[in-house]
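Some structures are shown below for you to check.
Two complexes are shown next, each including chain A; its partner changes from chain B in the first to chain C in the second.
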Partner chain A sequence: MTRVLSWLLSALAIGAFGFLLCVFLFQSGPVWQSEGTRYITGVSWFYRQDVFGALSLIYGSLAVTAVALLLAGPLGLGAAVFLSEYLPQKARLALKIPLELLAGIPSVVFGLLGIALLRDWVYRTFAKFDPLSGDTLLTAGILLAVMILPTMVSLCDDALRSVSGAQRQAARALGLTRAETIWNIVLPQASRGIASAFLLSVGRALGETVAVFLVIGRQDNNLPHPWYSPAPLLEAGQTLTTKLGGAETNIAFGDPLHWAAIMGLGVLLLVLTAGATCLGTLGRRRHA
Partner chain B sequence: MRIQATMKLFLPLFFSVLSLTSISAAPLKINGSTTVNLPVAEAAEILRTEQKMEIQVDTQGGSAGGISMLGDGLVQMGMSSKPVSEDDRSKYPKCDFRPIHIGEDAVALIVSKDVWENGVHTLNKTQLKDIYEGRVKNWKDVGGERAQRIAFFNKEPGRGTWEVFVHWLYGSPKAAPQVNFPEVGGNEETRSKVASTPGALSQLSASWADGKSVFALALVGEDGVPVPPESQNIATHKYPLSRPLFVLTNGEPSGGAKTMVDFLLGERGQALVQKHGYLPLKALHP
Partner chain C sequence: MRRGLDIVMGCVAGGCLLACLTISTGLVWSIARRGWGALSFSFFTEQIALVGASGGILWNLVGTTVLLSTAFLACAPLAVSLALMERVWLRSESMKKALRLGLYTANGLPSIVFGLFGFLVFVQWCGWGKSWLAGGLVLAMSMLPTVTLVVLERMAAIPQRYIAAATGLGLSQSQVAWAVLLKQSWGGLISGSLLGLARAAGETAPIMFTATIFAGVTFPKGVVENPVLTLPYHIFILAQDSFAAGVETKMWGTALVLLGLVFSMSVAALPSRLYLHEESDV
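Take a look at the complex of A and B:
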């Protein structure tokens, strides 16, 4: 019975996702017809001239997510190790509750904090690289890092706690130090959970709109030259979500090609988030 | 029980049909400029609830669409952010266009305090084109005393402010070159970003340039005289980035159209004009 139900519900979930993807694909049809693969590889987006190349938007999304993960990943995992392995149980709970409260703060509040504190800080700190303003991809990435950090710590902590205490005791009994136990026993065993914590954070970072919108500057067609150049990080940019959340969505409605291009961004966003999750799940299987 | 439910359902319906036939047989249809649409749409919302009027407001084809649909008799009222030209009148000889001036929209080019203190108080058309097309990136090249990068914030697409700006520089939004600048949206955002960014420049509705956190540049016309966006210059059109806002009727406004015109020219309508960042008539003729 449970088995049948779980199959049914899984099918329902997959069906819902498929249906959503189909709706988006159908609505974005015209742009695939007119632009083809240039829609993904094209470097310019000028809607008034009917030129739709989303590469700079994909780049923007990936760049801010990468910055956020690079900052929040090590910090989050480190904090989780401290919480779960070093703190006594009472202190751990006392810290965990505010942490989960932090994770629930609406993103627009983080956006406001970003405007109030982060923009000027980035502008002054990187003054010698001469950024035009404090609205940069880097600012958005740092803000996202702050936003995903509580989720990251909380999920990593859960993953570490799921490793049974008997394992730790056995390791200590064999003469391993506490640090060695964590490094050799706890972390490897918790790696699946930690990976899923990272992936959930990636999902949140990719999909986040409002907070990013407020500090990213919304400049179209900002791509690095050459491709590995970090220069665009200190310039204003645009992500898939900020484009969708911006003024163009309202303008596009009624113009079939422009609307298709906007819906196409929805497809790309869906595929990116789904892709990250699937990759993570595969990786977890291989590990186990 | 059932009768009561039926009554509940049909009585309001009955009365609404009754009131519809007694007040206005056909809805008031309005079409035209997105700029004028902002105060008009809000006025329509108020008249719908207060006067139970049926009003449809649309913005197909902008000002040109407003003029042509009024000329074709498809709407009873047009909205336009430009005067009706002789061409328009000769195209629709049967239509007696009556433009009713409801306010004025002026776009200021604003800079941050440090730029103002750097000695940049005016710009001309060529300089603005150079900046917009990315040939000039430093305030030193356009009148600044010391070198300072220009941080240009472009109004996001769909904003009337942007359209006035490129209309003046390039003739039409379609003719504007493809550029990439950080974008700003509403007037509040524009003002705060320019105020908080050194070297900043952007377009902003003139009523928002306060002269404390952001400063409006004077524009230099072909005669070489700088014209600041002050009320009398806007009213006399000496300041080039300004345009009148009109609603249009065919002949003397009557019926629903008259109610709308009276509302827009009245105190509350003029307050709506001001709320959306335009100059009300009072400010034009002080």
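Take a look at the complex of A and C:
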């Protein structure tokens, strides 16, 4: 009885997730047929003309994630080094609590904080580049950096502490200073775990919707010219998630091709986040 | 020189930690400071009026509670079953591994994806329209991996000799599952659910297409076309609106209430979470 019940319920749960995948793949079918690879490489998205190129959305997602990672990566790693290498156990646990709380702030509240605190700051700080408003890719990236910071610190801390204490003691006994031990022994040995911390944070950053939605400006077709130009960072943009969270999702339903284009963004998002999370998890497992 | 570098390294790392802590406490403080003024008894007992500029958030609280209870009821049996599956029923090691990897990956899926899925399946195909049930089920899906992983972690921490003893006494697998595994890990179900619910309570993306509207409803009376008001969606809409002074205070007040709700749930789950985290790395 117990056995049958748990098989059934597990099948239901796994079936629901499988169904989710199938729904996204099949519903996005028409756009892959109609646009082909142009769906990913196309630079313009004009749904009234049935032109669907998601490149600017992919760029937006990657750009905000890159900004977030550049800011939160070093800061989070530094904080994790201090937590795991310098502090005694009790202080470590005590200091992790406020960080866990930061992780608990709902994303809509982060969005609100972004509007209240960050938007004007970005506008004023970068005034000499003459941004149109404070709603920019950069604002979204900075906000995301704060949001992924707790994940970053927590996972890097785990990675660092998985290096055995005997290694540290041996290094210190050989006369290395604490800093040298960290640079030469701890960080190299924890590098796999740190890499997976970065990947898991990337997964979180790519999938974040509401907070980014509120501060990114949501302007379509914003791409850099030439491709390495940082100029679009100070302009409004759009990511995969903000497109999906916007009103266009409601408009699209009913028009098969437009709806397929929206679901196709879901597929892209699923592939990117699942890829990052899956790789990160595998790295973490093997490392631990 | 070496000594100097040692000190510099300590200072830089300490500075990073200090910055992280300042950011986290600073943000919480700035929400509390702005929202404190809105809190009063009537804020919790009145319904919304004047597009959020007046009145309270009674039905938003009720709606969020309805969604969370639905999500918990739908999620808990599934999470326990999946955990039992991994611990007891699945025989092959590679299947177990696949299940765990699947759970970790599903745990990282963006919540907007669940929202779109719910919109298509429940709202459109099932014809429920925006409904509390659709929202509850979508939230249940989004929190299922978290809850399952916490239950699993707790079950894996049960000493092997308990299970050996139970088996030795002649208990069948099902009896072992009930008498040892479930009995010893129900705390994991509670703390896992609290963690999942804390995250679900603040989610906007999964429910904005499936379950919630801004104003005009009270307690749901059926399933079809019965949306609820919720705290996160209230903030989401007001945040995009003009910042009239009255609206602003109420908005931050709502944010503070939501934060209080989320924090109280995650603080309740915190001891077991920190403890498990520490143990699992030894």
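The rule is simple: the second predicted complex is superposed on the first by the 253 of 288 C-alpha atoms of A that agree within 3 Å, B and C clash if a C-alpha of one lies under 4 Å from a C-alpha of the other, contacts with A are read in each partner's own complex, and residues count from 1 in each chain.
The rule we apply is simple: contacts are C-beta pairs under 8 Å (C-beta built on N, C-alpha and C of every residue); 3 or more make two chains touch, one makes a residue touch a chain.
What you see is a predicted model; the values in this text were computed from it and never measured.
Novice: For A:26, is the partner it touches chain B (first), chain C (second), both, or none of the two (neither)?
Specialist: In the superposed model, A:26 contacts neither chain B nor chain C.
Novice: Touch test for A:121: chain B only (first), chain C only (second), both, or neither?
Specialist: Neither partner.
Novice: In the superposed arrangement, does A:204 touch chain B (first), chain C (second), both or neither?
Specialist: second
Novice: Quick one: classify A:129 as touching chain B (first), chain C (second), both or neither.
Specialist: It touches nothing on chain B or chain C.
Novice: Determine, under the contact definition given at the top, whether A:250 touches first (chain B), second (chain C), both, or neither.
Specialist: A:250 sits against chain B and chain C alike.
Novice: Chain A residues in contact: does chain B have more, or chain C?
Specialist: Partner with more touched residues of chain A: C.
Novice: So chain A touches chain B in one structure and chain C in the other; where do those two contact lists coincide?
Specialist: Overlap of chain B and chain C footprints on chain A: residues 250.
Novice: Flag every residue of chain A that touches chain B in the complex, lowest number first.
Specialist: 44, 46-49, 119-120, 130, 132-135, 217-222, 236, 246-248, 250-251
Novice: Tell me, which parts of chain A touch chain C in their complex?
Specialist: 1-3, 5-10, 12-14, 16-17, 19-20, 23-24, 27, 74-79, 81-83, 85-86, 93, 95-102, 104-109, 111-113, 115-117, 146, 149-150, 153, 158, 161-162, 177-180, 182-183, 200, 203-204, 206-210, 214, 241, 244-245, 249-250, 253, 262-263, 266, 269-270, 273-274, 276-278, 280-282, 288
Novice: If we count contacts the way the header does, which residues on chain B are in touch with chain A in the complex?
Specialist: Contacts found on chain B: 149, 151, 156-159, 173-174, 176, 178, 180-185, 193, 196-197, 199-200.
Novice: List the residues on chain C that touch chain A in their complex, please.
Specialist: Interface residues on the chain C side: 2-3, 5-6, 8-10, 12-17, 19-21, 23-25, 27-28, 30-31, 34, 77-78, 80-82, 84-85, 88-89, 101-102, 104-117, 119-121, 124, 141, 144, 173-174, 177-178, 198-199, 201-205, 208-209, 232, 235-236, 239-240, 251-252, 255, 258-259, 262-263, 266-267, 270, 273-274, 277-278, 281.
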